[in-house]
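Naming follows writing order (A, B, C and D), and every chain is counted from residue 1.
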Amino acid sequence: MTNAAKPNSPSASRTLLLRDGLNEALHQEMARDERVFCIGVGIAERGGSYKVTDGLLAEFGPQRCIDTPIAEASIVGAAVGAAITGMRPVVEVLFVDFTLLTMDQVVNQAAKYRLMSGGARSVPMVLRTQGGVGDGVAAQHSQSLEGLFYHIPGLKLVMPSTPRDARGLLLSAIRDDDPVIFLEHKALYMTEGPVPVDEEVIPFGVADIKRSGRDCTLIAWSNMVPRSLTAAEELASAHGIDVEVIDPRTLVPLDRQTILESVCRTEHVVIVQEAVRRGGVAADIASIIQADAFDYLDAPVEIVAGRNIPIPYNRTLEQACIPQTADIVAAVRRAVYA
Amino acid sequence: MTNAAKPNSPSASRTLLLRDGLNEALHQEMARDERVFCIGVGIAERGGSYKVTDGLLAEFGPQRCIDTPIAEASIVGAAVGAAITGMRPVVEVLFVDFTLLTMDQVVNQAAKYRLMSGGARSVPMVLRTQGGVGDGVAAQHSQSLEGLFYHIPGLKLVMPSTPRDARGLLLSAIRDDDPVIFLEHKALYMTEGPVPVDEEVIPFGVADIKRSGRDCTLIAWSNMVPRSLTAAEELASAHGIDVEVIDPRTLVPLDRQTILESVCRTEHVVIVQEAVRRGGVAADIASIIQADAFDYLDAPVEIVAGRNIPIPYNRTLEQACIPQTADIVAAVRRAVYA
Amino acid sequence: MQTPDDADLLARLYRTLYGIRRFEQTCISLYRLGHIRGYLHPYLGEEAIATGVCAALGEDDYIVSTHRGHGHCLARGAGFDRMLAEITGKATGYCGGLGGSMHIADPDTGNLGANGIVGAGIPIGVGAALGATIRGEDRVCVVFSSDGAANHGTFGEALNLAAIWNLPLLLVVENNQFAVSTPVHKASRVVDLFRRGQGYGVESLTIDGNDVLEVYECAADARRRLLAGEGPILIEAKTYRQAGHHVNDPGAYMPQNQVEHYKARDPLTLCRQHLADDERADAIETEVDAEIEAAVDFAHGSPEPAVDEFLHEYEA
Amino acid sequence: MQTPDDADLLARLYRTLYGIRRFEQTCISLYRLGHIRGYLHPYLGEEAIATGVCAALGEDDYIVSTHRGHGHCLARGAGFDRMLAEITGKATGYCGGLGGSMHIADPDTGNLGANGIVGAGIPIGVGAALGATIRGEDRVCVVFSSDGAANHGTFGEALNLAAIWNLPLLLVVENNQFAVSTPVHKASRVVDLFRRGQGYGVESLTIDGNDVLEVYECAADARRRLLAGEGPILIEAKTYRQAGHHVNDPGAYMPQNQVEHYKARDPLTLCRQHLADDERADAIETEVDAEIEAAVDFAHGSPEPAVDEFLHEYEA
């Protein structure tokens, strides 16, 4: 049950893959607004490694769906330049690991241009990228780096977990006047889910309660949402613990209100992130909750996170580095029985 | 009174500027170990913009004190390559803001090489850089970015606040077998303080209690240490609050034990950082304290941090963006009277 | 022989040259008096490049500037008053006092902004040129850049993008022969930096950056070719600083013979020679002096930005 | 006429070529069987480059590899057994199963590692060459690189550093004419990528990357010049993939006439022609087949790395 995407609660919906939800949003926005264009390595002729940009070249031509050489820093720089001169670029960086090559343009240019220009111009750019552990792609292709972008003022940060959210949030991202980091998860592209037939623009800063519950607030995003929902079912059936799963969907802006309301009701909190524990977003949310809901907390905020290790290749080790369902179950039990 | 640097508590000391303490460490290590060399933009002939590398060219020649073109990514990359083949490079990136150009080499290469090579080799590289608000150097030259490095497993992270710590920690950094981000603060280079005449290697992971106190634990690093000490004096004299000021000195590894012991004594905590509030190191330390000292806390952990805004040029606005002494005083009072 | 049109052009060019010169001198004084903080990189000695290039541009064209950017802004049409207000951190400045010397942008004149990161402006200019191409507009984008930036990754990356996409991009490499104190020959085996462009298949040439007429004509020709769709052009303009790298750098490392060589080829002197009308030149100077004096008063009289409004606007 | 020495060299080269070929085919089979995860970029069709270059190297030399790196590792002396163990994630692999196909490093043979980031290896190689120079050692560093990497910022940046510091760096650009599905002519106006090097003042040449003898001789000559202190050399080796970009890419975008042209110039066929001794070649193949079979058994029989030890070692 979702409570957030209600405003124009659409009647009919169909089942889509997450990647197709994204693709639909791109098609729709490029048709609606000719300032929108897509640019990136391998996005046009091949339609993107995950097929998110499939068909855009055929429909909108090579001027608005642009393949590039391997030059991520300058491609993002070009998107910044286009954005401040009236375009609305959607730039794809194939792996979030490669965004590390673009950090000057993202952090020093895109995130600061509005302020440095005294508000004269903004940078309506969407940087689509993809992270997380997949199937053995190892240390340089498996990172969860939302924590870096989260720390940079001037950026917005979106991490969808369902096809419906993906489509609705990408529409918002493209229409936003500020730079948006749109961070997909490689393990979610083939996730199926209902997506309304009608246009549904999901606003930023509105969390979605993916499961209501009384006993514990569990906050998770991206690929940790389905895993947390699995854990919640197990906790309900095996342990009689009724977990509320909140998906912030946008980490910046963050819907503190929904989180705090839930925490005040349940008095127990677990935050789950795939990213490494140290210095991550989960820690920040924990710091907010302990400050704003101090008197309601029955137990410390529990964080389930990736280990402070680069992701290794071997499958067993790889999986040992990121939260598993059992880890989430154990953390909720610790929190509730504390 | 300091409690940490005691092991070989040296007898004589003299007063040095922080930059000269760093300079002494570089001279000493380059003399001691011929694998050590310095490399960066403007570090040799000019001796560095802050004079930290002054005199090294004259003493060690152009092969071991190397000026480079403006190509930060590749300079750090070259340091990585030298480090894995037996050298111990100390690379300077003039502003931490420019390290954003080098993030692929720092994060994808240096931080992960030990793991990716199955432990066959490590990357004994020190990346010296400098951050923080100075005197009007604006959005692209004023950032505090320790939060980014803090989040990357495989990196160590040092932020000295005194000449003595600066020298002693740089010695450790150069001798460390893993990549170390050594993050100086532009406003501290001209800070004076006692530095022992004898070699003093300050180990990583040992916090220094810069001021002992009973009522509140205040955790601060880099330029927020002197500011916190000023606040502590004011709190003592004007409000009768006795603050303990802990300087972790190395954020990775973090001396949790010293912090937690203090918290359990004082039962009140304030963390002060110049970096922006969202997603910073302070939030992480808060999340650790609320978890590990939950039952001792009388009040939520207070965080005093920079605002979530890029740093503007105008002086008044610039100062409004980062913690001032009055902000620290107010936060301690809030924490203690909560 | 000089036609009246030529004379008017030269007079216009001289006005800009002199304006930049006096503006920079004024900034240095204000810096010494404590009215300017942060970094200040004067464009002294290099005025002919921005002046000649910008005189060749159309109203819709874009420019991208550098950390040494005052000259570009002024040549592109920025007013002394709002420039000085910005550099002194006032609310009336081009960026409301938030940007300062290294971040002046004035999108109304197509000036996309200075940049504190050497080399970062090149891809931004590529993006502006790309956008104009997508929209099918007849605009070019000029990226001012530097010998130091030529060694930066963005240089090759972004120039290559402009080349394969055939973009209307004019990359002006202001080769003032130093990056702070590093001479070009220590930073590159190839000291004629236009040769870098050739490896990317980009039409590249080198000119005398101190002769404003040569710069103007070359830029005007380049612009025509860009608008004809021939793809990017790189112009290396050789020049020299008549000052240190920034306001506090005495520039002791600059060889005296080079300093003197270029002083003798001062862009203002050369332009006065072309104009050959001292009376007219003097009159221009008097007018510009008055404008700059007024601009100083404007900046001094302007309010600081308000903290509350600022926080309200920018805190997220 | 071929001397016995030549024949021995050719036999050695053929052994390596064939070893890489069979190894890659074996990996593809193991991948299809589910024993290999992640990315797998076969070096099929390009074997002559790694083989020829590495045969020209001395024991102390360094190499830096790419995402398409198996050939470099094997040519540099890595064993089939520990290679396969690594690629199948076993504790006995070169990286204890932690690196996988894209991150094989074997510092004992001077192999500083493959890299999952296109272009990132170039500065790393520059650093290795720099270190050797500082230590005054007679070593060179070979960086294997690619047409795609030539458009990346590190290419110009790092090549320039090697040039101004006169480093013993051999940059081998494996121009297989595609970056995934992007043909070189869409990514660069200049399709002969060696010309990029000239803008940096670097001695640059282009060769037939499918002829192992040409590669070997050219690399041997380059190495002599590097050791003589002449500074970096860039060799563009033209070649072509005999497969898609990665194991799951059918490579449908590769024009049939090109595929056939290069199939006819298969590096193994060319080397067999040079060797002109089928019996010897066949014997080599039989030996290598047996070695690889043993290596598969070794990998299968090897244990997985232990979780506890791993966490103990790496968790900070």
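Note that in this section contacts are C-beta pairs under 8 Å (C-beta built on N, C-alpha and C of every residue); 3 or more make two chains touch, one makes a residue touch a chain.
Since the structure is predicted, the reported quantities are computational estimates derived from the model, not experimental observations.
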Quiz item: Which chains contact both subunit C and subunit D?
Solution: A, B
Quiz prompt | Most distant chain from subunit B, judged by the mean position of its C-alpha atoms | solution = D
Quiz prompt | Where subunit B and subunit D are represented by their mean Cα positions, the distance between them in whole Å | solution = 41
Self-check item: Distance between the centres, which are taken as Cα means, of subunit C and subunit B, whole angstrom
Solution: 37
Quiz item: Counting only residues that touch at least 2 other chains, which ones in subunit C make the list?
Solution: 95, 97-99, 103, 115-117, 151-154, 157, 160, 164, 186-188, 314, 316
Quiz item: Could you say which residues in subunit B touch two or more other chains, in rising order?
Solution: 69, 71, 73-74, 97-98, 101, 104, 108, 115-116, 138-140, 153-154, 252, 307-310, 312
Quiz item: Chain contact graph: line, ring, star, complete or other?
Solution: complete
Quiz item: Which of the residues in subunit D end up touching subunit B in this complex?
Solution: 62, 64, 93-99, 103, 105-108, 112-113, 115-117, 120, 122-135, 141, 153-154, 157-158, 160-161, 164-165, 313-314, 316
Self-check item: List of subunit B residues in touch with subunit A within their complex
Solution: 73, 97-98, 100-101, 103-104, 107-108, 111-112, 115-116, 138-140, 147-148, 150-154, 252, 275-276, 278-284, 286-288, 290-292, 294, 299-303, 307-310, 312
Self-check item: In the complex, subunit A residues that touch subunit C
Solution: 37, 63-64, 66, 68-69, 71, 73-87, 89, 104-105, 108-109, 113-121, 153-154, 252-253
Quiz item: How about subunit C: which of its residues touch subunit D in the complex?
Solution: 151-157, 160, 163-164, 186-190, 195-202
Quiz prompt | Complex contacts: residues of subunit A adjacent to subunit D | solution = 41-42, 45-46, 67, 69-71, 73-74, 97-98, 101, 134-141, 307-310, 312-317, 320
